[in-house]
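Residue numbering begins at 1 within each chain, and the chains themselves are lettered A, B, C, D and E in the order written.
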Amino acid sequence: GNNEQEGSPNNNESNEGLEKVKLVLDWTPNTNHTGLYVAQDKGFFEEEGLDVEIIMPGEATAENLVASAQADFGISYQEGVTLARTQDIPLVSIAAIIQHNTSGFASLKEQNITSPKDFEGKTYGGWGSPIEAAVIESLMKQEKASIDKVEILNVGNTDFFTALQQNIDFFWIYYGWTGIEAEMREIPINMVWLADYSEKLDYYTPVIITNEELISDNPETVRKFIAAVAKGYEFAIKNPEEAANLLIDAVPELDAELVRKSQEWLSAKYQDDAPRWGEQKLEVWKNYADWMFENGLMEKELEAEKAFTNEFLPE
Amino acid sequence: MSKLVLNHITKSFGNQKILYDVTFTVKEGEFISILGPSGSGKSTLFNLIGGILLPDKGSIQFDGKEITGKRGFISYMPQTPALMPWRNILDNVLLGQEIARKHDHKKAYEMLEKAGLKGYEKHFPYELSGGMKQRVSFIRSLLSPQSLICLDEPFSALDEFTRFEMQKWLLSIWQEYKRTILFITHNIDEALYLSDRIIVLSNKPATVQKEFIVPFLRPRKEEILHSTDFLQWKKQIYDEIKKHSVNKH
Amino acid sequence: MKTLIIKGWRPTSVLLLLFIIWEFFVKIFNIEQWLLPSPSHIFIELVHGTDVYLEHLWPTIQLCIIGLLLGCAIGIVTGTILHIVPFLREAFYPLLIISQNIPIIVLAPLLVIWFGFGMLPKIIVIILVCFFPITIALLDGFKQIDRDIMNYMKMAGATKKQIFWKLEWPNALPSLFSGIKISATYSVMGAVISEWLGASKGIGVYMQLSQSSFRTDRVFVAIIFIILISLLLLGAIMMFEKWMIRWRPREENNRE
Amino acid sequence: MKTLIIKGWRPTSVLLLLFIIWEFFVKIFNIEQWLLPSPSHIFIELVHGTDVYLEHLWPTIQLCIIGLLLGCAIGIVTGTILHIVPFLREAFYPLLIISQNIPIIVLAPLLVIWFGFGMLPKIIVIILVCFFPITIALLDGFKQIDRDIMNYMKMAGATKKQIFWKLEWPNALPSLFSGIKISATYSVMGAVISEWLGASKGIGVYMQLSQSSFRTDRVFVAIIFIILISLLLLGAIMMFEKWMIRWRPREENNRE
Amino acid sequence: MSKLVLNHITKSFGNQKILYDVTFTVKEGEFISILGPSGSGKSTLFNLIGGILLPDKGSIQFDGKEITGKRGFISYMPQTPALMPWRNILDNVLLGQEIARKHDHKKAYEMLEKAGLKGYEKHFPYELSGGMKQRVSFIRSLLSPQSLICLDEPFSALDEFTRFEMQKWLLSIWQEYKRTILFITHNIDEALYLSDRIIVLSNKPATVQKEFIVPFLRPRKEEILHSTDFLQWKKQIYDEIKKHSVNKH
């Protein structure tokens, strides 16, 4: 599985004419990134004349690397782009990988937490960000429940399963990965989806980002890149199993079964109800930024129009 | 009664034989000096008696008990002062007592004064001259409570006068407290003036070359040092040592 | 006080120089504030952001002092035991090395499950960071003994305990302090890392939150405090060292 | 070879005992494999997962050897310079402390931006981890000089350079090795951490990937290799130390 | 011509005055012994000449040049052997030469043999007896190339015979190579036998109490040690030292 570094061995020579492009992931590879690996393995990038290197960012965040032009593209999420832009970091989201927010609050089935009002009297385990409290409060407001009755505990980098062992009742997860792992472990869980309770919180996560400079100087590269990526995700949408296998081949260190199950679940969510994969709506960007501003999570208002663009998506 | 018995002690370092079949006895209350060429194995002998070295052959008895390889029976003054740099003079002097869990500060002060070190109680070893350190080490061994005192060239760094003062003092302590003393020295005058018996070691491998029983009566006056008798004895011992040392080269 | 000023002006001026170079560097190369804020920028946040960071200081200070103290204690005890019982030394030396090679990401879940989110697991992390240099330095100090003094002690019939307390321990003090200085330097970062095990207040929390909202200036404010605490700890230890090891000749009488 | 077996059996048996206790502990308390896999479980992955982890070993080994060597070199040079020029020592001591208190999350973006994703930034991280204990230990070793020998050297008219090479340097060797041992222990973890600066191969990468897909057994396989490399490095250093410092009395003639 | 001039040297440690107004001159090629009570300040005097201590008052001249506080003009043998534990005997002996960037291995081997240390060239200091270490330190100073040799109690740990061998050897080297020697000792015999002049220091604060010009012709035979002339001189010096030492107590 050396693909991401050296490209397929059989077309080494044709690499020469290709434009070198760097892509930074948000963290370790997972099914959110399937389309990227598909595009690489199936040669979609090459068809567009690109030679893409996929990089795990580690401690240097994708946002930093893309903003400083160390990488051309990166994977981020709407909140990150929003905060970055209000700090004058010139990032632009150029495609939404998943149409709707697939995150939510997970809890053990036996806790019977089926809607936000059930949070009352329970303990939430988070990483200490003020956004968490704001989100929980927003959800609970919908049902006229009060966040004062929720105990919020900072669990740092502790993962969901470990947190459950320590009397944490509910936890914010991405269902597509952690939720699937729970299924595999046969831990029955309830989900309270963010998207179900608040339109404002149905934000894009993850998104593909680039910086303003690349867009103005080299729009063609962006177009080509997105074209290939879109093809990759479309392939993943249609062939979840094959796509999963491509990801497993590329990153054999991942747990193969988890990847397969996760892919099965996620493939349908990439495009979902959108007219095409990657489409982003202004109102989603606006809603979320407003919500953040209202909740005091941001110092300035976001110029939502500048934060994203659909311009590079293939017709 | 024999205080200390060395039975056919043999000791090598690597393949170099240092002591060969050394045998002698020290009686309770005796003052014995050991003479021998430099490097012959005198300090090694003390290390064997003190139990930090094991003889290759032979055994050591103390008060009738076998003590080969056992420690703590002697009060020891090493050839180098071996003071602890982090202890002041008073605390250094008290070390031997501390180890035996006895404390007598008053006596320590007294002795320091007697050794001309009054006023240095709170100084650290690095502030002392070579001879002063040696005296500190000497007092440390005197203050230790064991009945057998082993002194390894205790006065080598002292001027003649201070040395003589110390000798007289040592004799008075020896007589007053009835202790047994083993005394390594290179100074024949000193050996003759102080001891009941003188053991001369030969060169490598060292063995007991000769024992002299010193005939002078006690208490000895300073004058005997200049008596012809004394000088004759001195000459005899000197020749004895020379006899073997010549073989060396 | 006077010596503090005399001794302090050089490092202070070096630091000032460093800040000036940094400021110009940022200005000249036009480095963006979110990547590397200029000292002036950081200073402004340091002055104006007090109410944001103030509450985060004390928990970390507390954590790292307790952790360092316990780390010292455990390091000293470990070093001493391994020294006194040679059998254990050989057997457990590899375990020492292993203890330093278990990544925190593996340890964290275990600690959380066994000890919850309180102070205990965090202190364990700091101890793990701090005890090792102390143990190694101490073991090393125990070895460098003056032969003559050791022989004297043995021949005088000193018990193992006496040899330890009267000779080996005072003799190892300088090495021990060298180890403690290394540990103290690590202790604050240890405390910051330990806050990944879930803390609601602390410099580590403040730093992570600042980082995730792209407030690099605040991250640097956090670093300034980490460094300050380190330097203060180190200064205290050096004073303690001077007080403990008073027997070294002062150099005043010697030239140079 | 024989001494290796003689010296090795104790730590080996302690390790075996540890594994057995661990195995039973996991079985008896029914601890879940994703939290703390049993040694047998890890062993199975160690045997069967070779093709997954094999390619990750060499890059890390390479990284940590290069890093440690450079770290030693820089540690020694720094320690030496700070010793020789007392002016610099006072001025730069705080900078040493500061260098150990800059969190990797701040350093990472800067390093990557300045030096890219190659080996250089990673090696810088390892150097930063490794040089400090060496510098401190060395500075300490330079201080513990026998006064009499020093006075002899000075009176004989030895230049500063001669005093350094003939007295201070050989005298500091035992302390230096104590520092190098500490650094070597850290170097592998340093290499693993440095791989967070974006590497495509390496034990750190393997560990991260395993961790994020909840394969705790693989994480432990990674730890085993980290520990193994540490122990090997340490063994090599100890052998080198023995070879360099041959003048110490062997204890064979003494009792105990 | 004066090799070395000490001009009104005064030196205190803390508020303790050690040397007070010490003045003397050493002529080219002279052999001078310094006698004085233990702790009087003899080693301190050497430290001042060697430049590692600065006098509070006074100055030191060497070959007509002011050298107060300057180093490297003397070949020095300290009171303790001060050998480097990590160097073997041969390398230790060569240290003085190394510092002066001269090398003469052959001579080093020769000298080691002469001092009875043949076969110990590759041993380490910890394997030597006290007297052997002292001889190593002695050879180191002899091998150093400087023309003024300062020896601080060089033979204190040697037996009479070895000591006498070393003395004769020192004399032969001194005569052959025309070196100037400053020699601290506590042994009046030794001082008389070896030196042209003897300087007696008083007790604290030390000052030059008396200078004796030794009248014996060179080369001196072993026999003069037993001549009445010699014994008379010895008594005179002994009394001189005693005179002041008595004040001490």
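Criterion: a residue touches a chain if its C-beta (ideal position, glycine included) is under 8 Å from a C-beta of that chain, and two chains touch if they have at least 3 such contacts.
Since this is a predicted model, take the numbers as computed values, not measurements.
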Path length in the contact graph (subunit A to subunit E, fewest steps): 2
Intersection of contact partners for subunit A and subunit C: D
Interface with the most contact pairs, given as the two chains involved: C-D
Whole-Å gap separating subunit B and subunit E, where each centre is the average of the chain's CA atoms: 27
Between subunit B and subunit C, centroid-to-centroid distance (C-alpha), Å: 50
Gap in Å, rounded to a whole number, between the CA centres of subunit D and subunit B: 50
Centre-of-Cα separation between subunit D and subunit A, whole angstrom: 37
Subunit B residues counted as touching two or more neighbouring chains: 13, 51-52, 80, 126-127
For subunit D, residues that touch 2 or more chains besides their own: 35, 105, 109, 113, 147, 211, 249
Sites on subunit A at which at least two other chains make contact: 61, 64, 68, 159, 162, 165
Subunit B residues within the subunit E interface of the complex: 13, 35-44, 79-80, 116, 127-132, 135, 153, 156-163, 186-188, 238, 241-242, 245, 248-249
Residues on subunit D engaged by subunit C in the complex (per definition of touch): 7, 10-11, 13-15, 18, 35-36, 87, 90-95, 97-98, 100-103, 105-106, 109-110, 113, 132-133, 136-137, 140, 143-144, 147, 174-175, 178, 181-182, 185-186, 188-189, 192, 207, 211, 216, 219-220, 223, 226-227, 230-231, 234, 249
Subunit C-facing residues of subunit A, complex: 61, 63-64, 67-68, 80, 83-84, 87-89, 125, 127-130, 153-159, 162-163, 165-166
Subunit E contact footprint on subunit D (complex, rising order): 146, 148-149, 151-158, 162, 166-167, 170-171, 173, 245, 247, 249
Complex interface listing, subunit D residues touching subunit A: 34-35, 51-53, 104-105, 108-109, 111-113, 116-117, 195-201, 205-206, 208-215, 218
